[in-house]
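Read from first to last, the chains carry the letters A, B, C and D; within each, the first residue is number 1.
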């Protein structure tokens, strides 16, 4: 039983994971009446957020070791344990989750009219699974939360979604499930290879030889690539986003996509460093496809949500690119990019939601001249569009520039078919492309003269709506102008990750193989 | 050492004003809005002036305020670097901006977006100041993008106009193309110098050059420094409307006139020139880059001048002349006469702003009519505008002793003096012929507006009147600038000193002695003040004016004949050399088509229909039907299946042994 | 003359069996004396029987194998655990019948048949000998034939019975034929000695041994509906009265799998390589049939029949693994499957509208709007059947897959996982009907405390086992004490 | 004396006849029942032969079990058949196909 590093006396992670579920149960059993349900759900989510703030407050930036650790035997028969802990890489995502959940619940305040109770339950349970994913340090526990997430999300899209929701949600469900089963195989295979353990740190430490790394990497890759999503496994996302209710899209873009990239950081890089190195060209190509191809596709969308969904894929392309450059800047940029995208994409979907609540259409063509009637909204959306374009001063810029810098300088590490300088240059084209699709959409929706009668009738944003935009605006600008609070949190862990990802396991694996051979000869 | 709080105050004041007015504009009265913003900007102008005097006294500032980004070796501070170059920019920006603020009070009076407008222009002033005051490439880039954003917002200020919205988007996207280059350059800078800080970077340049690093791309090679300089220059081209990225600048005239004056003539568009000058320690070491700068500048100067000849929209004429003048500045940079470039930048700021504001005053008078063909004979109605506009026109045409003459003459002589082979000769030809054209179109516009026949529409006639004081006073202020800055610059500031180090700029600019055109000029010997009489530019300008006089003052039917005589050339120029059409055909439509194709064929057809539905789902369904078909419902089939199962396994085992 | 000493055989281990047999007869006869409106009491009595039998078995479950009747009957932890499962399955099936059968004719026979069938299974799971096994199988089979055809005046019921009967008898014949060959080679019916005989049988008896093995396996495969011996399953399930379907879908499967394991472990250890290869192919085929054909179904009973086949396919991974983990996995899987499947059937049985049984997928449309409670429960069962975590079904799959990978059947495991994804589709499609669609047919659910309790208990069990399966897994591992 | 193989051959023949009859016959369900009987009888012959040649009585005991069970099985079978006939008015094998797919 190892020493648990938890500065707080109490199991804070468990609390932040299961507090939402607890709240859900309470709501389910005792709370009656829609507004009561809403308020309780809000209270619970806010409470959870405050709880997770403690993580940030008491977080020790100085160490890459896991913090707030917890350990309980769970399934002794298979050495599956309830092992929790966070480091600089996972901690920000927990905060992101708890914050966005609050935003979601507020955003759904009166645009969700049917089955409010189930809705809130689904979101709280979803929060549990998401925080669990980021806090889990045991392979199976991770998989457990990873898969459990499907159930509430499936229902959220399917019950409160748009016209074509059934197709979208089933597509989402099967895509993700199909991807992740191979991850389970990889986990189980590792379990038997690495001496019957699912402990992530043990697996990171265990020297797998290249062949093993190769297959394990593939297994994980498919699971994560579907979630991120990476071309050509991305087609579920536009459908899911288009059909999901606003808050569903927010969580989907804000957190779910991050799970995939987080998986790369947590599993692929440390566990299979050599395989990761080996697959860099593949990842680079896919990421660039995401940046260029998907941006062009996004430009041609006539459905706002679809457009933003595609732009999310493009931005995640940046993240995966940064992830597989193994430089401090690129990795930090990737992580920061995920956080920033969590806010920006979420906000953009909320913007669409605001419009949708008024006109019940997502067609860009149906709008035009919105600014005349909704100046506040126009200003807010302008801010987030510019953030989406990664203008300096917005958080996205920090991420983009760090990824690019890390990529540009990456070829000191390894030789690729083509120098990573040119990869960076190619990725930088998103500076132009993102501007094209974002501004074009903004122009068609917000600017222009007021001709359409139904647009004339739209009221400007209510205080509630401003209320849930406010934190996002503050965060986007704050992280854009002064990102150090977040960067300080991730520095050490990322440095450690870089160290893990760039050092080979092959020598150790070879030595191990030698030792085993020797042992057998001795036995014989 | 300068007082850092004072320095911080200079950009901070407009920022605060902008935020206050922007956030609470809906609550503020017009009066309050413009008072807050104008006051803050004027204050920062005064502060800049104060700083300017201190800098003249040899003071300077260099320091970081806080760390913006940090990731081990990737350090981006936010800091300031105040030297002669910076301070002259600060002064120009704040002064012009103040004038524009005051002017706007009258010009935008009663516009629904009044306070929004003021918030924007104050915000612009802040951004521009950040751009020039920053001490590293990212602070520069921050301002760079911020001014871009504000310009986007202001071009689309009248968002009801489709054309305005389109122009705004066009401006932003074309600028992003430039920013792409700039960003790549900055990345390369970090890669090779490990820093973004001007001082660190510039200090390491010679070492890098000596080391002879070079980049390869599919067998094509260029030296690192050239790569950096060219990338940065791409950024400059975008910002400063150089061919082929100039297309946005004329369209930006969709914005309100004060904006055209402040942003798209005086300050923002010159950011590119400023940046190149600021990076002179790098450009100096790359002949290729310098040649590229000269070439692009020359092409722009000449081409935009030709387009200016035939434009009928008063603002577009000035806009093209702006492009052309920016071309001059880049040519100057290219021939390493940075001081001349900045000098022209400064003078140009005054007289071009003046020109625009005067034009604005005219437009104001004739009820938002911008078509030269619907003006004329306004001289009587609006004398102040007339005079000031005349001053500006003379300055622009380079007639002594007006500001434009000094700077432009310096540039042309520098170009003549610098030996750059073919490019150099072309540039020299271009700038010379451009002088003539500039003079011509400027006065063409001038005569068509104020003289010629009276073509003002009948119903607007009664409204034609001189603009109110609040508009004319700024005109006068700027007129003074357009009159004096040239002489002041040469005599007072000793800007034109061949040994830059000893001149005004001191160490803020850097020129290799190997190719310092001003040096060569100096060696040619000292000239008297009357020297200009013997130079080509002067006579070109005069003849240009003369021709304009002839065509638009006397023989007013001549232009039509000429146009008819040279139809193809005329139409070609009239349509701005078909740049927009070219881009539409070669970039816009192809990109959209590609996007649609990738979406329909790639995503929907190939992946969704082909792989998912066709491949996997199809396979599953096929299997499903096969399984169903097996379940016929007939007992004997079931029994048969069982027996087959038994025999199959049995034979398998037996054969396997 | 000295008295003949008759030494009574040891019969203690059979007490539960005897008790069940007696109670079955008591019900059969006592039912005749019950008035029509009280006949439901024989149902309660039958449930009581199961409970008591459970207590008996539990109280006398030994730590090691105990034999009776001169080794013709064995009681070991393995058997005890299997019996407990069987009781549970039967009891739940009876509970489901309470409301369903009361308006049918001949309630007494129904319950006693169920009990006799259960008795057969009890005998099967604790038979160390082909003779005992055969008797058990037949007892079970004959009862189920009748139960399937219990709705005499319903065509599909009797047709299902007929098909099931014909194929069942064929399977019995095949089984016996195989047994006869094994007997011929080894000269015994006792598993252990047959196993020993096979191990020593030279190449001369090779053919006979293979023949015997294949035929015996085929005969047993029929009972657990392994493809291609599964053909009866969908028809029988669809035709049978719903509670009977529920009854058949779990308890007999448990018995069949248990005896299959016994036979493989005791009789055919020396044929390990052969039967693993066979089972690998059969498993793939079974999973394919189950998961693919289920997609096409509109009738939920038939769909669940195919899903049963699919699950058997997954369970076979545990058998193929052939080690303690694998066999434990089988028990774990069946335990969890018992709850989720029974729960699902409970909801189906509860769905009635003036006598009409709701059993088409469309009948579930919009259930969540009308009966959120049942909808939630059904959703849990379905996600669990699909094997999504925080529900029991996941761990069932997890355990057997793990065993398969442990013993190096990686590709089989991957295939199985992919099929489980395909399978997930038709489960979540039902969820889609329940939650996403609008109500088409209003069903007024039967008001029956016992059945509602069943739903609640099974739902809680599914969730509970999903969150904390550790104890169950340990128990199942311990239950293997008797055989390995 | 007759060798074991002969008995086995006869049994095998019976068994095959039973099997083949089971799925070649398209007419009457009763024939199917008979085929099943044939199969069981072939089993009995096997058992008898083996038990004789192995000099082991248990085989013959098993035969009695088989016979008994077979009898009861047929009883059940016929009962089901009757029930079926009452519903379908036919015992033609080709008509037993309402349940399928």
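Throughout what follows, a residue touches a chain if its C-beta (ideal position, glycine included) is under 8 Å from a C-beta of that chain, and two chains touch if they have at least 3 such contacts.
All values derive from a computational prediction rather than experimental measurement.
K.L.:
Which chains are in contact with both chain A and chain B?
P.N.:
Output, common partners of chain A and chain B: C.
K.L.:
Going by C-alpha centres, which chain would you call the most central?
P.N.:
Central chain is A.
K.L.:
Could you give the separation in Å between the centres of chain A and chain C, each centre being the mean of its C-alpha atoms?
P.N.:
Each chain's C-alpha centroid was found; their separation is 43 Å.
K.L.:
So the centre of each chain is just the mean of its C-alpha atoms; given that, what is the distance between chain B and chain C in Å?
P.N.:
Computed from C-alpha means, the inter-chain centre distance equals 80 Å.
K.L.:
Just how far, in Å, is the C-alpha centre of chain D from the one of chain B?
P.N.:
About 97 Å, centre to centre.
K.L.:
Take the average of all CA coordinates in chain A, do the same for chain D, and state the distance between these two points in whole angstrom.
P.N.:
Taking the mean C-alpha position of each chain, the two centres sit 65 Å apart.
K.L.:
Multi-chain contacts only, two chains or more: what residues does chain D have there?
P.N.:
Within chain D, the residues that touch at least two other chains are 19, 22, 32, 96, 98-101.
K.L.:
Multi-chain contacts in chain B: which residues touch at least two other chains?
P.N.:
628, 631, 633, 635, 637, 639
K.L.:
Give the residues of chain C that touch two or more other chains, as numbers and ranges in rising order.
P.N.:
162-163, 166, 170, 174, 234-235, 296, in rising order.
K.L.:
Which chains touch, pair by pair?
P.N.:
The complete list of chain pairs in contact reads A-B, A-C, B-C, B-D, C-D.
K.L.:
Give the list of chain B residues in touch with chain A in this complex.
P.N.:
Checking each residue of chain B against chain A gives 66-74, 138, 141-142, 145-146, 149, 152-153, 156, 159-162, 165-166, 168-169, 172-173, 176-177, 179-180, 183-184, 187-188, 190-191, 215-218, 591-592, 594-596, 598-599, 602-603, 606-608, 611-612.
K.L.:
In their complex, what parts of chain A are in touch with chain C?
P.N.:
The touching residues are 73-78, 118, 140, 143-145, 147-148, 150-151, 154-155, 158-159, 165-166, 169-170, 173-174, 177-178, 181-182, 184-185, 188-189, 191-192.
K.L.:
Give every residue of chain B touching chain C within the complex, in rising order.
P.N.:
620-621, 623-628, 630-631, 633, 635, 637-639, 641-642, 644-646, 649-650, 652-654, 656
K.L.:
Show which residues of chain C lie in contact with chain D when the two form their complex.
P.N.:
Those in contact with chain D are residues 130-131, 134-135, 138, 142, 145-146, 149, 152-156, 158-163, 165-166, 169-170, 172-174, 176-177, 179-181, 183-184, 187-189, 234-235, 238-239, 296-297, 302.
K.L.:
Which residues of chain D touch chain B in their complex?
P.N.:
19, 22-26, 32, 93-94, 96-101
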